[in-house]
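Going by the order they are written in, the chains are A, B and C; count residues from 1 in each one.
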Amino acid sequence: MKKRRTTLFLVLSFVLCLMLSACGSATSDTQASDAQGKSLGDRVLRDRALADAPTYDPFKTNDVETMLVHYQIFESCFFEAQDGSYQPAICESYEFNEAGDVLTMKIRDGVKFHNGSVVTPEDVAFSLNTAINSAYTAKVTSAMDYAEVVDGNVVLHLKFPYASAIGCLVSSNCAIVPKDVYEADPDAFAHNPVGAGAYTLGEIKAGEAITLNAFPDYWRGEAPIKTVVKLIIPDNTSARMALEAGELDIMEPASDYTDYEQLNNNPNVTYYKKPAAVFYCIGFNCDNGIFTDQRIRMAIAHAIDKEDLILGALNGMATPTDAAMVMMNPQYPEEFEATTYDLDLAKQLLAEAGYPNGFSCTMRIIGAPNYTKPAEVIQNQLKKIGIEMKIEPMERASWFEQCYTGGNYEITYYAHPISVNDADFAMYPYFHSSGAGGGTNFYQYKSAELDALLEAARASTNENERKDLYKKAAEHVRDEAVSIPTSTGWRCMVAVNELNGVYADPMIRYYLYNYSWKE
Amino acid sequence: MLRFTGKRFLMMLPILLSISFIIFSIMEFTPGDPARTMLGDYAPQEAVDALREEMGLNDPFIVRYINYVSDAVRGDFGESYRTGRSCVSEIAKRFSSTLKIATYAMIISMIIGIPVGIISAIKQYSGIDVIAIMSSLLLTSIPPFWLGLMLIMLFTLTLHWLPSVGSTSWKSFIMPSIAMAAAQMATLIRMTRSTMLEVIRQDYIRTAKSKGASEGWIILKHSLRNALMPIITVIGIDFGNLLGGALIIENVFGISGLGTLMVTSVKSKDTPMLVASVMFAALLSSLVNLLVDILYTYIDPRVKTQLIKTH
Amino acid sequence: MAMTNDRNSTSSDIKRRGQLGIIWRQYRKNTLAMVGLIVFLLLVCVAVFSPVFLDYQNDIILMNNKIRLQAPSAEHILGTDQYGRDILFRIIWGSRVSLVVGLFTVGVALLVGGIIGAISGYYGSVIDNFLMRIMDVFLAMPATIMAVAIVGALGPGLINLLIAMSIARIPQFARVVRSSVISICGQEFVEAARACGTKDFRIIMRHILPNCVGPIVVQCTLHMATTILGVAGLSFIGLGIQAPVPEWGSMLSEARDFMQTNFNMMLYPGIAIVIAVLSLNLIGDGLRDALDPRLKK
């Protein structure tokens, strides 16, 4: 009896120990969550990320979310100040040539990489060339030809006169990396990045948190906040609850604005907002599938009620957008004739195209509320003209791979985010035929006429002429229904009141370096 | 004893093998070409064909399966299509959270469920018994994820006592475990109650009573050991259910565990990761069942002698 | 020969009818079980007759964003959801979805599992061993996880969901039918029938299976309850019933964004699930008690 009982006890405790050994990691977790540090500088900033960063190679992504982390780790030739102006960073001073198509940059001395080596002009030239040759960075590098080192300066040759080149160089896509490290093993670099930015990449807990540590030798001086933990919280409601419960210090609020009233009325946090530098739109695969027929695209354009969509999907907090440009672009037309909301005309067009009783299709989108909610409303609206649209939400990275780059979709809902406030950024990468076939032109749309308009607008230096050309381009997009712009919303940021230096940036360029704790 | 354990362990292997075969076959039905998916619609066909060769996708099903199993036995479950990293490492980083939730839920349900069941049986038809039965009926009918959301409403949003998201501290596991323990508890209450009732009725208890030992002691000593058997069986079987339920609870509480990994790999059509994580869950579940079987023999000597005789 | 068979069948018919009456009377004594039965029948009525009062296109899925997120009112008894759709109507229609999925799943699992269990129990030895080993393999995999794997391979959608959910339940039905068949096989009238040269198939269909009905029905109700819970769970994470079809689980998922401002969106679909599952559990429990000979007073 006794013997049996002791063995039973032993077995039970062994089992318990086995299972509780998994609890061992719990103690190490609490270190990251210890927000009340000894001095202000030690207080950890808890930020939020939507997902793991799939790669830390700055040249291999065009996902805004991933780039948010890259901006902290890497330094580029220029950085963006709060007022939107571009300030010299790794580049100390610069000069364009007469024609405006060659940019000479003097590189700042003594800027250190995280591994201790100094940034050299060779590193800069190598980084820029790598960026130029990467398919992912086309949006910011399409105007660039190649870079070289001449007399200790970096000379960037552009394909044509392009003043906006400075703005392009701000992007993390043009980050400066150490040539020797990157060249030796680019694949390893994607997991162990070395940059010159204000923060180094610390511990990564897959699916849970990314830790960033201030780089003591950052050229502008060490960042005020020493440790930043980006907690990975894909769900907006969970993130908001975390913020309200004091587990998060700063986050971007729900992109469908469902939490606006609540957060705005919360006395512990401040809700910052600015008009967004992005418009959302319905996209069609113009090269493959049922939507190659312009009449069908046009039918859908006539069946979309933008006000209704904004009300249902965005809590009413956005502006209907008709021209395929970002509304804050200086070239956005004051007057623009929108496609009319006309269900009968839509049905007629469908009949003409051979589908009098409608058809079925699938909309493949990123599975986030700022895409799924409008998709649901659109599904509802298209039912009225007989189109049965299925919605297929996908993982972010998969959508980028398969639909954006791979062209494997019929209809989608996405946006035109821009990194420089110019209609060229809102239209050229997305509509020019050079971007088709795996680049940024995810519509796979090829039109010589539109190409000509965009090229001319890009090359021109006369602002009135540019404005006119972009209006014509938007009209072309409208008449061909390549893309149906729906709405422009707000770019928002919510943070606890004790955090200084917070602002909403339409370009979604947030430098953690700017933040500090209030005394 | 060791022989018995060894034999049971060996029996696990064909089951795991069959599971892998079934999952692999299910994955055969997945539409789409993984190589094409990885390279995109606009990659030239030659590149896709080359990648297919490299990935071994053109080999017949059996060959691919055998390669998969031989790699798996050596610990290589392939690389995730999504992140490119080894499936095993991704799982290793995350399974502890899921295991914690399932284990804590199990422990909580045992700590509350078994005593309540015992009291319920002893004081049959009393107020406590009725409440126990009613609440256990109710608890099995409440969806655990709804209970989880309600708990969040109360403890996070109203009272601000507990965190609602992530797995940063031990506090993050309280609500998920309770949400999952609820249904489990109900089953244990009823199981314990019914087995205890059966045992109490047996004659030898009457005999012991007539010998004069106090009632409480009799019940605890004699009935409990007998009642423990079906209870332990239930625990073993239900551990698998707990793992499955953890999938959805992780979503509610934003915990990045094995379940989230599985759901993410489903949504991104990441077949190697999905197969690896399902295999891992099946392995965990089988291990627990094995442990339960071993415990069985320690608790009931009759089973042990029976087994030793037949083996 | 024929006459003997007829007499056998008549007597087992009478036995069955008498048995049913006894079981029903026993069941009636259990108040909770009766409550469960009544509630469930009400639910079925609501599900079956709802198309008479509600139009799917106009009442259930049509968006009306101008009246979105309203609190309960006279016009919309439980309020409106984030797209202006009446919550009560969607809950009512959701009962159709849940019940249909539950019925189909249990039906398929019963059919397939029943056949496997009957063959296994009747023929025994090698076939039994083989089939039960296969069932063990399926049982070793947690049901939700297997469902996720199947939906993962085939893609989300109603049919794939049904396939996934039924496969998980087949082994359990097989087991129940098998044990019932085994216990009945030992009885004399089966021996007698066999001695008469009756075909195996007839024996199984006419003599054995009808006597298994009791435990099988109990399993059916209980599995239907778990299926409803399972579908709600899968839909909650987006792998079950797809939008815009109203399903209690996906309604709860949509309600998360509005938990604090529109609690009604989160409360009522959950209550609906509890009512449906609880009534089925009560019925199953009541039946189990009614069938248990030891409880007959």
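Here is the rule we go by: a contact is a pair of C-beta atoms (placed from the backbone, for glycine too) under 8 Å apart; a residue touches a chain by one contact, two chains touch by 3 or more.
Only a predicted model underlies this, so the values are computations on that prediction, with no experimental measurement involved.
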item	value
A-C against B-C, pair bridged by the larger set of C-beta contacts	B-C
Central subunit by CA centre of mass proxy	B
For subunit A paired with subunit B, centre-to-centre distance based on mean C-alpha positions, whole Å	39
Computed distance of Cα centres, subunit C from subunit A, in Å	46
Computed distance of Cα centres, subunit C from subunit B, in Å	23
Subunit B residues counted as touching two or more neighbouring chains	152, 157, 251, 267, 269
Subunit A: positions in contact with at least two other chains	235, 367, 393
Residue list for subunit C, restricted to those that touch at least two other chains	238, 256, 259-260
Touching residues on subunit C, where the partner in the complex is subunit A	57, 61-63, 65-66, 68, 82-84, 238, 242-244, 256-261
Residues of subunit C touching subunit B in the complex	32, 133-134, 136-138, 140-146, 148-155, 225, 229, 232-234, 236-239, 249, 252, 256, 259-260, 263, 266, 270, 273-274, 277-278, 281-282, 285
Residues of subunit B defined as touching subunit A within the complex	37-43, 82-83, 90, 93-94, 96, 99-100, 103, 152, 156-157, 160, 163-170, 251, 253-254, 256, 260-261, 264, 267-269, 291, 294-295, 298-299, 301
Subunit B to subunit C touching residues, read off their complex	14-16, 18-19, 22-23, 26-27, 29-31, 137-138, 140-146, 149-150, 152-153, 157, 240-241, 243-245, 247-248, 251, 262-263, 265-267, 269, 274, 278, 281-282, 285-286, 289
Subunit B-touching residues of subunit A, taken from the complex the two chains share	4, 7-8, 11-12, 15, 19-20, 22-23, 25-26, 29-30, 32-33, 52, 54, 205-209, 231-235, 238-239, 241-242, 244-247, 288, 367, 393-395, 397-398, 401-402, 405-408, 437-438
